[in-house]
């Protein structure tokens, strides 16, 4: 059983704990945060590579983002991806999940010959988890979310393991389909640094604009979105009392019992 | 025309998903304030008996669709059924709880109807002009975006679990049974197997005792204390990693986020990925041998000492009061 | 009985890794008998299989690379190097433990195996006076980020400044030495990392490089040169510098009434031959009584954290930690002194879940206490 193209969508996100909120300008400052491949997308890529190792095919990474994402796409190539596409266009700025899923779906259609599309279950910055089913809807293919394992049963039919509350379910799904991959379901392989050097020096990324996808500015960006952000608020972690209780175990237990009785009553 | 808020009520094999009731209640609160109507959508098999009761939680009306294929969530038939009902009846708003299935379903339908979908909101309301307004957390929960739906119908949102409390404050709902024509042969996804255990959902627990690595994996005292004060038990990631407890009760950024009134955290140092799971807890009490552990910054009360010495005494003292 | 295919290429690589000593093994089994984590691994079997080019199990990952077995080996086989050589081959075959691969990603993305933000690496030095000098302090990631271990680093800076040594610390470009990368068998990234580190150090034009951790010391002096990265100045472990400062009189230790036992870290002692200098420092403290554990110097027991075990969460290693703790307690000492961040963390973490009473302190912390 052979697969044709296995497509992985990839996003680059800032490490959440390093993003600062500027209460004065009420904007998000990502500039000093370390950027990384969205962790769940790494799991998706690893799953794609494992499928290719087993069933053959080509793993192609596709991203919608600004030019500075290029090194990260090359890192994905270093991990083993066969090709990478970056859709980059100023008009895309301000896109919510609707034009994002549309753009990625069009890019996937342009790549063509796809048997399986893999995405991370959600991204560490927006975290909506909406783009995967959205892409599937644009493409008119079935989708399964929170997938931790995929195998082929027969040509054109796959069996997938999906996480549900309290356990899992095994589903059979016809190819082509899209699966959103569960964060942490596998250990992403570390890049091959010899391949990374080749990727940096010789590999040429495909860069597409929205025109290359047959889209116009009205279809994407702020204009193409159906939601808008009115403002940003900082959600401060709660101020804790930080009252230290010290003493012998007996004394500490006595004070704790007192505190607990109070809290449990109220 | 009275605006209609639809709430997708999730169920599994005849058991209603509790967080759907949270959304239903909230939807009714908004509806009462604005003179709107709330319609619940209930898909399943042999579930019509549950429908009228949804009225007590806020539904004016419940549309029930029964079919063996709908017994538990499958993306394709659910999207078909809900999608065709939406197309036919054109509601103004469609809400669901942000469970895996809720996000799966609405994510697909939002594109089908070219409409806005807000994800995982921790607050939902409808503005004067009728647009849906939500608070969407991002960047690991430190920043919240105030988001508005700007076009498309129905306006959609999934609501984070545990943000609202369900209330039985209204009367039984009007029930409408609708036929669903689902052709199994046309489905491209089918279920082969299901493995599920009853798991405690500690995200809803009002009191939790959390065990950290300092317990060394010995949770006897933790369970005893929990039983005594009517609390559930959670663990930090390292304990789940070594198999002492299932991941379902792992607290932290890759596990459960607690919404409890009280959390007693014993033997945990307070690593960042853990503390993000207790940020919504009203009062945090910690017990730790280390007087300087990071956990101090995230505690209301921080007891310094050996948990194996303190907990037995604490349990005894709490029992004394009970007996008295 | 299963058929084995002899693999001459693998045999060749392991023979080379062992410096030719692999062929010397005559299967006496003393290594297995003395191995601290036996029976988790059968060392004798691993070496026998290596001799015929077979790596059948993933035993090499459990090895703590403490080299205790080498002390007892009558033939001088470089067993730890065979283990490390096997790891390279296992890693190529994608048979590395998941936790170690996750740690590689953290080193790559944040410059430290803890995954802590890169820019927080210098936070430990906040409040300390201006830094600059010919002596470059190479701070271990653990000593930079771990709150408990930061006390060691600050003590060291305090002491060196008292001795009038001008030290450049918390310098721009300081990054992980790559110990865990090397222990995982990822050599191509290690090569890049080592060369980048040396380039960063060269910019500061040091005349001496002082490391806090014995693992960093080992990497800079023994491993880096093999990967085209030669440190721009001589490298010493800080205990060697301190020993020189106290014996020359540039540093005058104070007084501290305490009974202390010293634990020889594997990577300082057996791997790099530094046994006496830390003891010299302690012995120069008035009122300090130094007692030895049953196994000391080249026979020291491992803390359980070596060979990547700290990162791979090797549970078998915990019994090794406890063994050492009991030895320390048996000496009657209130404090066990050591000079390695992994040792300190392994001992203190294990103490948290045992009922033993023992203080763990770094040599420099004890010295600093005596001088306050």
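The first chain written gets the first letter, and so on, giving A, B and C; residue counts start at 1 in each chain.
Note that in this section contacts are C-beta pairs under 8 Å (C-beta built on N, C-alpha and C of every residue); 3 or more make two chains touch, one makes a residue touch a chain.
Quantities reported herein were computed from a predicted structural model and do not represent experimental measurements.
Student: Give the chain pair that accounts for the most C-beta pairs in contact.
Tutor: After tallying contacts for each pair, the winner is A-B.
Student: Centre of all protein Cα atoms: which chain's centre is nearest to it?
Tutor: Looking at where each chain's C-alpha mean falls, the closest to the middle is A.
Student: Between chain A and chain B, what is the separation of their C-alpha centroids in Å?
Tutor: Averaging C-alpha atoms per chain gives centres 22 Å apart.
Student: Just give me the whole-number Å value for how far the CA centre of chain A lies from that of chain C.
Tutor: Centre-to-centre distance between chain A and chain C: 37 Å.
Student: With chain centres taken as the means of their Cα atoms, state the distance from chain B to chain C in Å.
Tutor: Whole-Å distance between the two chain centres: 46.
Student: Going by the touch rule set out above, which residues of chain B reach two or more other chains?
Tutor: Nothing qualifies.
Student: Hunt down the residues of chain A that sit against at least two other chains at once, touch-wise.
Tutor: 17
Student: Under the definition above, what is the set of chain B residues touching chain C in their complex?
Tutor: It comes out as residues 213-216, 241-242, 267, 289-290, 292, 294.
Student: Taking the complex as given, what residues does chain C use to touch chain A?
Tutor: 94, 98, 101-102, 104-105, 108-110, 117-119, 186, 188-189, 191-192
Student: Within their complex, state which residues of chain A touch chain C.
Tutor: Spelled out, the residues of chain A in touch with chain C are 15, 17-18, 32, 34, 36, 187-194.
Student: Give every residue of chain C touching chain B within the complex, in rising order.
Tutor: Touch residues, chain C against chain B: 147-148, 313, 315, 352-353.
Student: Sort out for me which residues of chain A touch chain B in the complex.
Tutor: 14, 16-17, 19, 21, 28, 96-98, 101-102, 124-134, 136-138, 141-146, 159, 163-174, 177, 183-184, 225-235, 237-238, 240-247, 249-250, 252-257, 259-261, 263-264
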